[in-house]
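Two complexes come next, and they have one chain in common, chain A, joined by chain B in the first and chain C in the second.
Then we have the complex of A and B:
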């Protein structure tokens, strides 16, 4: 009877020796996963979420459109095809985002507006411009619009009106934040308050968190209405 | 005729029941303006159809002398609203412009407000709203599409009020009476529904409000609604009531 009991004791000890470290590592990893999840939720709640699993604030657009070349007034990093250094064109934001001063939405330009210049301007070998020219725009009935990825997205229950914000900031230039390194005059000079210095971004990314607290803070500071129904309807 | 400065309004509506023909144009206009989901037969049968404004029909008199009567009913925007104090999350409240406001993103769907409403003009979204593919671009971009599990009701077309206020501000002027119209009042072919500022003594609604035919629904509840009704004129009864009135004055 006695040896039998001892044997049983030994086996149960061996089993525990494996189980304890497995449980410890498992527990720690569960704790780590939970911690990361909580950190993600907290950062997403207060600002922008940690850029993992598709929560990045920059997207690779279907056409690599450089805002630097079009909107900046500074000398650019890359050189043109004939080797000369390039300077940004310093185009006004409203040249492409045409409805921004008159309507709630800023508007993304049609392919037709792009091809107004890019039918002629730009290298024939450029892969990005080839994509643009092949999509045809208004000149080709069979074409489809470019499926730009949206960077700044407000929730569906918020109604934001660009027009009135731009009008106010143009009248009160001391309220402009993150002032742009590109065009600073006119309507385009005020966009940076919410969108950051887009003229210096190769690919646009969201700079401000654009949470409701930010909206309400600014509305309070400027005496704008803070009634819920002004934005939520 | 200009109204008071922005933010000082008390929005209200006068419904002339005498002019209403029961054509339901207001119902349709409201549905398309405010992205109200399409009601199927099943939803009506289960009492879950959503219609921010409805035309109630009832019969007066006995056969063969029967008359059809119509009365449009929408959210009455009560000053003493029974729906407001019961909300546990302040999703519905009264704003400074006399509107009974429903904040969709605050609503948690307890449905207390709908139970409290004596006019049954609050509607719960029992299902995710679905539109046919061809309707995709017909939705109003100024109005939130309400998802499943939240309450909705007539907002007095607050998106149109905001747009009107914005335009007036841009043009640096006061609001003009009649400039802002709700979808139902705009669609009404007989102008039975008139929308405007009750605080402005010169507005169309203020003048109509002082008509002798004025009445409010369920007056014994003391709700102090912003929607006022004008009674149906009955030519046969008019002489009778006139004689009674003149008799009392004598």
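Then we have the complex of A and C:
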């Protein structure tokens, strides 16, 4: 006649056996999530956020436009049909982004600008060029604008004007800071200050955090106004 | 880890909620897109406007304009401050014309009808050009019908017609042919002379609504401003059976009986000659032109009786224009639109010789005849006689191809001509049009015409401001539409020229070689740019010659004939005088809502066709405002809303042009009535021009009533300042009489401090304007 207490103990033990691991795992996972969240916030606050859930700094564009081919002067990966290596065209940034020296926004060019060359240049078999030519209405398809995905975007409460910055830095090239790749000459140098070495990018990505701290630092060092209302109005 | 169902479900729910929250908290798609537009306007800069200089092609006057373009789209038309004609001024029609460009009902593609009476089907431009060429290459007779064109479009049209051995005939529903012939006969001028209104001391105009629609209203309005800015403000007399906007601006309005304008002018001449109100030299020059004793038929008493004007007024007019010199006397519009129209205009313009105004500052000045590459500097519609002859050829099937452009022929020609039947007997009817209208209904091939904002062209303004001007028209928006001139050039396979732009460029090079004019540049490319920037070329030193003597052929020897109007013999007859609508012109701007809602300057009516008749007469006939009237002539019948008002000569009924289109877009279709349709078959006895003001009509109430869409009367008359009473006039009262009559009522009101009666006397109901 041994008491049946053991069985009871067993069941309560079983219950605890499940609960503690569950709690542990739950707690750890919560910590992990919180930790990830905090890490995300910290990185996003101080610089570029972790590239998850839409916070990537680069993404696929509707047409894979390679700045390397157009803007760079370096040797390219692909070769021409007769085997000779190709180098980039070395086009100036302002050939396409025409309004950067006169307007607040730099502007992407119209499809018409691209097709001025690409109606004759470029292979007929290239998928990307076919997409471009269709957009431009050259291939009997109805012309349609291209909706590029915006890579560099400042919040709505900031008003950034390209024109004054370009003018200043063109006149004072020694003030170009934070150039991510050592490119400092001409328009390319000026643009690289904030946009990095776009000429080397197969796909445009944002390399500078473009936080207010960066802006204010540069303004302070160059004697530009640091009043709030200069950018927030 | 073991999950039971409940925990699983709750975890699933929470993670789903989390996913939704994270996904929904994002930026809207459009914030993350940067769009490349397809077309590349040369000035695609956000937020900055560009202004391009061009010309109002296909509108009378050849006005130079500037157009505001933002991101490749035309936004506003203003006068070109640099252009000699407009000098920055504009009129309401500039704003409405802009709406033609982006109108949703524009014809977008060529349309073809397989058989007469069939449906129009869309075809490609390649096929349309081929059909056009095939029609011409059959070798049959061809007629090209256009609006009166000058400059390159006129030159190309004429050359095209002669290349195919065809005829180029102009059409203008409100004919001005007599005006052109008169100035040619009297002043030996191939194009209309420059009326130096700005420097004149007095003006007397007959019939021409020159501040509103006649010939070159923007230019004339500008001159009018200078006229009135003089120290003694100038004296302006206007003669017109109807109080038009021009008459309302006059210091003295003479409501002459229709067709007796010539009598009035000669009566005034007689007074001036008899009382020697001008110099002997002038009287001698004038008398040279008349047969001896001619003026005896124009005694003041008789003239007063015939014209319906009091003798003192006629004398007053004669004294004013002979004392305040330089004086200009001119006329047009309804004055020339009677069977004695030529006689009327000759009498009117002849007064300038009597007053010594020819060739002097402040008078009638010459314009140079165009010597630019043989471009036509003057153009007017062919006379009705010529049109009847042409249509008889069509009816007989003698003409294989008729090409129509810039005119709504079926709308503008009166019913008695039977245009539909005539066109039915023409094998190929090719119509260039921006909208489907009454004429495209009869077409076999319809080609979409471009608007003046999309095509090249030139115009030589008429009248020019005393020196040679060439207005250049350039496309201000990127467009796929083809201009009619370029289509003609393509169809004729470059036999005349390659493109209109090239032909204009070569003319510009010719101008550059003269070394004169408003543009100077080092090479031809920059020269052309300079011309485009200024909107044209002009040479202020290049003026013309004018003589003050008449040609033999224009001697006025006959006694004036009463205007022969048709008579219907029964009912209350009225004399029908159509007038050109200030907003719609001849129907050109009827498709645009802005023109439709633009109120008429005198009556403030918009959107409808109304008939102005004398207020007392309307009362006798029991016609109220808004009564739908049936207006019937020998040619047909139309309906119009009655608008009685005192500013119309009793016995006349005045109806605006422009409405009555069966199509022409959603704003114009089936709206109002077309007064052109019921014009009677009356022609000027000398030139055969249509006497469009010589129709007599019978007017009858239909019994229906509709509220007239007008602006006046929507606000009750009330004092502008407290204590300043509104003056209300009874019928036939002058302001002085009304003041005296109302004085006592106001006295009572103020003394008795009564607010029940606001002091406005409701003596006569007709002065109440609220309904």
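Following the convention adopted for this analysis, the second predicted complex is superposed on the first by the 207 of 233 C-alpha atoms of A that agree within 3 Å, B and C clash if a C-alpha of one lies under 4 Å from a C-alpha of the other, contacts with A are read in each partner's own complex, and residues count from 1 in each chain.
Methods note: contacts are C-beta pairs under 8 Å (C-beta built on N, C-alpha and C of every residue); 3 or more make two chains touch, one makes a residue touch a chain.
Predicted, not measured: the structure shown is a model, and the values here were computed from it.
Q: If you stack the two complexes on chain A, which partner ends up touching A:113: first (chain B), second (chain C), both, or neither?
A: The second partner, chain C, only.
Q: According to the stated criteria, A:60 is in contact with first (chain B), second (chain C), both, or neither; which is it?
A: So A:60 meets neither chain B nor chain C here.
Q: Touching A:148, do we find chain B (first), chain C (second), both, or neither?
A: second
Q: When the two structures are overlaid on chain A, which partner does A:157 contact: first (chain B), second (chain C), both, or neither?
A: first
Q: Give one of first, second, both or neither to describe whether A:167 is in contact with chain B, with chain C, with both, or with none.
A: It touches chain B, and chain C stays clear.
Q: Counting touched residues of chain A, say whether chain B or chain C comes out ahead.
A: In the superposed model, C touches more residues of chain A.
Q: Report for A:229: first if it touches chain B alone, second if chain C alone, otherwise both or neither.
A: Once the two structures are laid over each other on A, A:229 reaches chain B alone.
Q: One more residue to check, A:134. First (chain B), second (chain C), both or neither?
A: After superposition on chain A, A:134 lies in contact with neither partner.
Q: Just to be sure I follow: which residues of chain A are touched by chain B in one complex and then by chain C in the other one?
A: 105
Q: Using the touch definition from the top, list the residues of chain B that touch chain A in their complex.
A: For this pair, the touching residues of chain B are 7, 93, 95-96, 99, 101, 103-106, 141-145, 155, 158-159, 162, 166, 169-170.
Q: Please output the residues of chain C touching chain A within their complex, sorted ascending.
A: 1-2, 22, 26, 31-40, 44-48
Q: In the complex, go through chain A and note every residue touching chain C.
A: So the residues of chain A touching chain C come out as 18, 21-22, 25, 53-54, 99, 102-103, 105, 107-114, 135-137, 143-150, 153.
Q: With touch defined as at the start, can you tell me which chain A residues reach chain B in the complex?
A: 104-105, 155-157, 159, 161, 163-164, 167, 225, 227-230, 232-233
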